[in-house]
Structures are given as structure tokens and as C-alpha cells.
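Inspection log for the structure reproduced underneath, given as C-alpha cells.
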Amino acid sequence: RYGKMEEENQVGAATGLAYTSAGGDTLSIEVTLYPGKGKLTLTGKLGDVMKESAQAAFSYIRSRAEELKIDREFHEKNDIHIHVPEGATPKDGPSAGITMATALVSALTGRAVKREVGMTGEITLRGRVLPIGGLKEKSLSAHRAGLTTIIMPADNKRDLDDIPESVKEGLTFIPVEHLDEVLEHALVEEKHESN
Amino acid sequence: RYGKMEEENQVGAATGLAYTSAGGDTLSIEVTLYPGKGKLTLTGKLGDVMKESAQAAFSYIRSRAEELKIDREFHEKNDIHIHVPEGATPKDGPSAGITMATALVSALTGRAVKREVGMTGEITLRGRVLPIGGLKEKSLSAHRAGLTTIIMPADNKRDLDDIPESVKEGLTFIPVEHLDEVLEHALVEEKHESN
Amino acid sequence: RYGKMEEENQVGAATGLAYTSAGGDTLSIEVTLYPGKGKLTLTGKLGDVMKESAQAAFSYIRSRAEELKIDREFHEKNDIHIHVPEGATPKDGPSAGITMATALVSALTGRAVKREVGMTGEITLRGRVLPIGGLKEKSLSAHRAGLTTIIMPADNKRDLDDIPESVKEGLTFIPVEHLDEVLEHALVEEKHESN
Amino acid sequence: RYGKMEEENQVGAATGLAYTSAGGDTLSIEVTLYPGKGKLTLTGKLGDVMKESAQAAFSYIRSRAEELKIDREFHEKNDIHIHVPEGATPKDGPSAGITMATALVSALTGRAVKREVGMTGEITLRGRVLPIGGLKEKSLSAHRAGLTTIIMPADNKRDLDDIPESVKEGLTFIPVEHLDEVLEHALVEEKHESN
Amino acid sequence: RYGKMEEENQVGAATGLAYTSAGGDTLSIEVTLYPGKGKLTLTGKLGDVMKESAQAAFSYIRSRAEELKIDREFHEKNDIHIHVPEGATPKDGPSAGITMATALVSALTGRAVKREVGMTGEITLRGRVLPIGGLKEKSLSAHRAGLTTIIMPADNKRDLDDIPESVKEGLTFIPVEHLDEVLEHALVEEKHESN
Amino acid sequence: RYGKMEEENQVGAATGLAYTSAGGDTLSIEVTLYPGKGKLTLTGKLGDVMKESAQAAFSYIRSRAEELKIDREFHEKNDIHIHVPEGATPKDGPSAGITMATALVSALTGRAVKREVGMTGEITLRGRVLPIGGLKEKSLSAHRAGLTTIIMPADNKRDLDDIPESVKEGLTFIPVEHLDEVLEHALVEEKHESN
């Protein structure tokens, strides 16, 4: 069952889209919190670029805690662990940035992530969403996994032309410029609500 | 005697199943606690993937301390050491994840691990059990060591077909999707109870 | 839109000019603050020289906090993160020194950076601006991105001769010897003012 | 005189047996304590496996402090240094595990180590003694150094057949399964007693 | 203008003389202080030998704080940053030792460094000045930069014979055995005095 | 003058004897203290074996503070820096062990080291002195430097036969088994006394 869409909306887990020489793949990003002192742990055989991407996502959220309705001192009272399963598979690149940010906000607010949504996009320290590579392959893998919505960088809109019609029919693409838009589309409205 | 089934149910030790180019092998995972400040030490010539797997197991347990009936502040009052004997043999991979989690929960709750149980499976930060490789070879080595029960990922059920009937007859296979199921089958009911 | 001039004046972000074997490029330097203990995080696949350059910029600002109207204890009450987007692209060299210093002062004072300004120059621990390479290529990329003003080291004035007239016409070059001059030309007068 | 049996029973020093491509050798393990905060220092050009072995020995002792009659807070009030002399000679492997454990217990309890005893065996986190290599060569070097007793893993009993009778006559071999047995045979009864 | 003599006497900056395969060069050593906890930061693409040289200079000054009229607790109340500009140029070797010591004492006492003085010499933990290489090439570069005084190790006096008369005429050489002599010749008498 | 015998007895500095492929050499070991928190800094391009040797010397002294008449809490109130000048020359090996121990004791007690004494010998954690290599070459360099006394390991006595009579006549050799003997012969009786 792993590699398929989640059975329920999840709190603290979001679905990313990866692109390797072997094609596209879906990727779970898991986030958990426990009482601690603000340490951030990153695991799952992540490369340096992906780790830095997680740090950028984390800093953006810390600097915007109030607007995101997160207790401003969460990072002093908890340790945070971000893990990307299939621990033996090396993963790198900045394109999981918005997925890590979404999983973090979900864990920190208790709002669930919609299970049918996959996403891809680099995040900057200001929450901007930058373009990524391999949108076509990522879309095919999202389709295979049963996802129905893809959140993607607005700067990748031109890549939609390369995606087969049969795939595009089953998927809704949501181009975004900022993490605020990602969260708006990926998180369910109410805390702990599941559909 | 090392490499054979334990003589008694153990607290803080569980039996994993490893798979290398030389075939299958059993693996003891040992956990000990002593007064400290929450440091996690990992030894036994473990590769990075196996160390990250231990961290994921540890974080899952910390985030679920209450449900697992573990003192929520254990990590502030103790240091924890996970060791995998035969210290000169390099070990790696994520498949000891549920074994490390089981040994940790045993050490933290005082509930013994059933000596006849071997197990294999990657653990995620949400306690999910992901598929592993080499189930056939692992089963053979479990059989040789005298184990009678193997806890395995549900996603590996198809691999059971490849295991010789003679081996399958002596072993009970328990497919699982989540660590909760692992603990239910691997730990004895009462604290410090031995059979 | 990334790689184009900002739509608005930004607080905590400044535009640098980079020079690689592939030609000139513009570079966003982002700075964010959040409650912490004075940790400085640097991300964006930065080489050692660029990281040391950020440290020099940071130390200059800390030692001149009073003159720059920055709370002298900001570094004890906040963590600071400097990120340079396009996280998969390696970046190095000292020429982003004054850009990092400008983004830091902007974040720490709340004064916005003028969106039409790009800049390049090594910074020293005393705030001096040292010469850099590739002014011609950097000017071309600034022009392409829609910038209208370039702050540059006074010691690079002789390089202006190599820049095509068509480019020079659309750009104002401001040669400087010290960071004080950079800030005077790059930051808007009032706090949080936008044009 | 170095490389010969100690002139007196020692507190905080035990004799191990090493096995290299050049044959067997004896090895002094020295332990010293001084007021500190629980730091463990390991020196003597030790490889990673030998360092992990020392950590396993140390953790076992910390987790069993009460039974071993060691002040449970010794590790908070002292720094501990384990050194293996002949600092230019690289040393590695897990077989000095029980020797390091014995020297540690001696230093922490003040009970001397019998000078005529040499020992070899991997230690696990539960105090179990695992088999080692090179028992024949180790025995020859113990004999040359003037030792009369060798503590060895029970799982190596079959290797006794390979040792020349002339050597076996001068040596008493004590096969053990657990560190408790090692300490019983290696330490003198009373504190600070010397023979 | 960089690479030329300073326009004014500087507090916290001294001029060293470097010697590379490309010939001699002058080198600014910059030191700044800001409220902190005693951290020493070293930047400017410095090699290990040069970093250790800075540490020796720093330790000498800390151990002699009283005689040097430095607040004995400065290192507890401030962080110190030593930077050597032209951050992309690798620098190494012990010969900037006395220059780093002089810049440190200047920053810590507020006494300016005479702008016409260049210097070269290894420093020891006792403040002794050891001989260096390349005095001829260093003198030529000092001359080119407009300096008029060179402080040099007494043990290099024999190397003065190799320096062209035309260069020697414009330069005063001051051979020294100890940092006390360096400071006497390099620092202006009164605090903050400039000429 | 560097490389010659000191002009006066020194507090916190002792003369070692080194042996490289280029022959023997004398070596100053310098130690300084300043208010701090017990940090040990080692500089002078020292290899790992030499650094571990310094740690062993330091631990021996800390564990024997009372007998050596050193304030038992010196390490909590001071930082200690050991430096070996000629910072560009790589140095390694355990044979400077007793020299580093002697310089440390001198710095910590204020008792001067006799300027005419050179020494060589590995130190163990119990203060034992182990044999070293190159005694012949070391003696020649001590002779050249003007030293008159060499403290050496008792286990190297056989090597005295290889030293030319002309050299032996000008030197007194003192074979030792323990650091206590080294200190007895190397340090002047009274505190701060100089001859």
C-alpha cells in the first residue's frame, strides 16, 4: 500500500512529488513533535540541498508563527523531526520545500492535509514558490498513486503543455506563487477535521 | 550460543533479521537506560540509514509516549544506548526499524520481548511498517536460530510464496501494517513477566 | 517571474549580482528573524568564501549596532537565517558581501530595500567595499532583470569602460568605498515605507 | 619492562590480549577519573569499533551501577579517560571489550585487578561475552608476558584444541558467558588490597 | 585603493606582509569586538597554520591581559572576529602571528596602529618572535604599498643583505625578539590618537 | 636564537627532543593559562597521536592534582593552551608526552623548568614512561643546542651504546620509569626560582 494515496487525511504528513533518473515518484513527508528544546532532526537519506530546503521552510514558519496561528514558542517547547520514508533511497533537491512546509504547519496547527493532494515547489525564506523540474513525470506518478490535485509553482505553467491529455483530465493543477496559497488549498479548514 | 534464540524472554532486547550478500542472519538489538539528559547513543558499526532508522523509531515513541504508557519525561531523565552486537560487523539498512522500536519500548516499559519472535520491517515516523528485502533468506536464518514467529510487513506478503514449505511449517508469519501490531505480538502482557 | 525585479520594495531581501562561467545573473538574498539565541543559519548551497563573507557582514553590523540604530541585543534575542534561493545552484565568492549586509540591516531595522537597486562588492570587517570581478556581465544581467541602479566598488570604476553604451544608458552606477554609502543609496528613508 | 606482567596488582588498569597480522600481543588498558561532568575520553589510536566497544562497556556499567556497588552519580561528578598505551600503534576491534569494562569497574570501585590475569572478549550492552579471533596467538603472547590466567569467551572453547600443550600447561583458561564472571575472576576481593 | 597604505591610523587593523609563489603582498588584518561570550571567529580563507597562529596570539594576550592593560574579563563579555580581506584568496602560514596579535591588542585597548608600519613574524605562546621566510619579497611589496617601517624577527637580520639598497633606503627595519617590542613600535602612545 | 637552549629557566615551557626523517631536533613545548572553563587547546600542527599524548598527560595531572600540589579545581577556573612553535612544521608521535606533562606541571605550580634539560618519552595515563625511537639522533641535536642533561625512558638504556663517546661526554643521561622522576629532575625546587 505504500506509494498509494493515504486512506485518510493526515495530520503531520504531506505528499510530495519527486523526479529522478528513474522517472517520477510520490514521497511522504512526515513530521512529528515531542517535548524538547527546539532541535530539528532531518532523516531519510536526505542530501544537503533538501536539508537546507527544510531549514528554509522551518525558518519561514517560525518567522510567521503569529499569522499561521502557531504558538510563537513552539520551537522552545518541542523538538521537531522531519522524516522521509523509504530510508534507504537517497533524496535531494529543493522541490520538496513546500511539501515540508505544509507538513510542518499541519503538525504545528493540528489541521489535516487533504489526502488527494500532491505538491512540488521550492520554497524561499519569504514563502515564495520557485519553479522545479520534471513536472510531467511527477504528474504521471501522482496520477498512478491516485491523487487528484497537484499544487505546483506558477512559473511552471508552461510545462503543462507537455503532459498527456489523459493524465491532465484526472488531475486538477493549482499554480501558486506563495506558501499562503499552498496552505489554503492543501489543508482542511477545521482543526483535526477529516473527510 | 550467540546467534541462537535467547534462553529467556528479555527486557530491552529484541531479535531482528538481517540480509546481506552472505545470506540471512539474526541480529540482537540491545537497549539500555541510565540516568542522564536524553542523549541517544548508537553503536555496533551501524551505517547512516540504520542510524536514521533508530532516530525515527525513537521519535515515534517519544511522540506517542502517553499511549505507550511511558513516562513522558523519560528522555529528560535518562540517556539511552542502542547497541547491535558483533561490533566488528558492518550493519546498515532500514529493515531493523521495528526491532529497534520494540527493544526501546521494552526497555522503557519493562515489558519483556517474547524470545521466540524475530522481526523485520522499516518504521516510519508515524509508526507505519514498510516493506523490506530478503524475506526468504531472513526466514531461513530465523528457522536455523530456532525462532518460531516472524513479524513482517504486510506489503511483503507476496514474498511468502518463495519460502520453502519445510521452513514455513516451522514458522508463524504475522504480517503487520503498524508498530502497534508489532508490539501487540512481540511483547508479553505483563511487566517483567517471563514464560 | 523569479529572476525579475521585485514587484515591491522588500524588507529583509536585497538583490545581488553574480558572475559565473555561464555569465551574469541576479541573486536574491533573503534574511529572516525569529525569537532565538543568536544563531546564524546560512543556506542556499553556499561555498565557504560566501559563508565567511556573511559572517564578516554580520560581525560588522553587530559591532556597529548603535550607529545603525539596531537594538544592541538583537543577536541575543533572535536567530537569524540568511538564504539565497535557487537552492540547487552552488554559489560562492565574496562579492555578495554588501548585499548580505544590506539585507541584514533591512531586516534588523525594518527599512525596505529599493526594488530597482542591484549591488556587488566584497565587504570587510570595517565595512570597506573591495573590488569584484565580472562587472560587465553583472551589469548585463541587471539590465535584463529590469534593475536601474547598480551599487559597485569604487575600485572597479575602470571596468565601466567595458560596458556597452546601450546598457550604461539604462543604468545608474554608484561607486562606493564603504557600507555606509551602500545603505544610504539602497534603503528607503523611513521604516516600512514602500513606493 | 613494558609488555611484561605488572609488578603489582593495579587499580584502574587491566591486561588485554590483542591479535594482529604480526601475531599476538598484550595490551594495557588504563582508566583514570578526575572531577568533571561525565565526559568519556578515549585515546591510544583506537579505531571506531574499539571506541564503540568502550562505549558499550561504559553504558553497561552505568546501567548496572547499583549491583556493581558504584556510586550511581559517578558519571555526573567525574570525567573518565580510557587510554591504551603505545600511542603510535593503531588498535581496533571489539575483543578488548571485557578488558575495558574490567579496568572501568576497578577504577570506579577501587578494587585492584589481579596482575597475573589477561583477558579477551567482546562485551554486549547486557554484559554478555561474545567470541573473538586469534585465541591461539593471544595465548602465546600472554605466556611470553608471564601471565598465568586467561579469561576467554565460552563460545571460544573449541579453539583451545589448537593451543600447544607447552603453553596450555602454564596457563589457566577461564571460559565465561557474562561480565559478572569476568569481574569475579579478575578483581581482588577487597578494596585496594594488593598481594 | 585597497593594497595601499591606510589613509589614517586604524584601531583594530594592522598591516602584515605575505609571501606567496607570486611574490610579496601586503595584508590587512581586521579585528572587531561585539557583546558576546568569548567566541573567536576567524575568516578570510585561512589555512590551519594561520588559524592556530591566531589562537596562539589570542592566548598570549589573554594570559598577559593585566600587563597589556586589557580588562581581564574582555573575553567573557565579547565575541572577537579576526578577518583577513580579499576573502577569495587562500592564506596560510604562521608569519602573520605578530600582526594578528597587534590588531587584537589595538582593538582591545583602543590604541591605534601606526599606518606606515608593516610587520611579519611568527608568535609563540610566550610572545616570542620567530623567523619567517621571504623577507626580501615582503619588503618590496611593503615599499610598493607606501609603508616606511617594517617590524621583523631579529633572527631574520641576515636576510637584510639580500634586499636592494633602493628599497632599504625607503624603509626602516626594526628587528624584534618579543611581542612587547612589536607593540611598542606599532601602536601610537595614547588611546584613539590619530596623526 | 630559536633552537638554542633558553637563556633562563622557564615557567610553562620545557624542551623536548624530536626525531624525523631529517634527523633529530629540539622542540619547545609552551603552556599558558588564563581564566576560563577548563578548555584544552592544542596547536602547532600536531598530529592525532601527539594530541592524544597531550590529553593523556593532562588527565594524569588532573587525577594526581593533590600529590602534585595543584589546586584541584584549576581545570574549572582556567583554560589551558599547549603550543609547539614553528607552527608550519608538522609534528607527531607520542614521544613528547613527558615534555608536555612537565610543561603543564610547571605552568600549574609556578615551578620553573631547568633550562639545560631536554627530555623524551611516551607517557601513560598512570604516569609511566614508555620507550621511544631515535635516541641517538635526539642526543646529537640536544648536544648541538647546548643542553647538558637528557631525561629518557629506562627501557631505552640499551640505545645508549649507539651514541658517540664525544656526545655522551657532554651529556648526563637520566633513565626514568615514571613521571615523578621526570619532574624531580626537570623542575627547580622552589616556586619561581631562577638560577
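Order of writing sets the chain letters: A, B, C, D, E and F. Residues in each chain are counted from 1.
We adopt the following convention: a contact is a pair of C-beta atoms (placed from the backbone, for glycine too) under 8 Å apart; a residue touches a chain by one contact, two chains touch by 3 or more.
Note that this is a predicted model, so its numbers are computed, not measured.
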Show me the overlap between the contact partners of chain A and those of chain E. C
Taking shared numbers over all numbers used, above half giving same and below half different, the chain E and chain F interface sides are different
Specify the angle of rotation obtained when superposing chain A on chain D by their C-alpha atoms, rounded to a multiple of 5 degrees. 120
Express in whole angstrom the distance between the two chain centres, defined as the mean CA positions of chain C and chain F. 52
Take the average of all CA coordinates in chain C, do the same for chain D, and state the distance between these two points in whole angstrom. 60
Cα centre of chain D to Cα centre of chain F, whole Å, reads 30
Of all residues in chain D, the ones touching two or more other chains: none
Chain contact topology (line, ring, star, complete or other): ring
Follow the ring of contacts from chain A in the direction of chain B and write out the chains one by one. A, B, D, F, E, C
Tell me, which parts of chain F touch chain E in their complex? 1-2, 10, 12-13, 28, 30-35, 41, 43-45, 79, 81, 83, 85-88
Residue numbers on chain F that touch chain D, as the complex places them: 48-49, 52-53, 55-56, 59-60, 62-63, 65, 72-73, 75-76, 93-94, 97, 122, 124-126, 128, 130-131, 154-155, 177
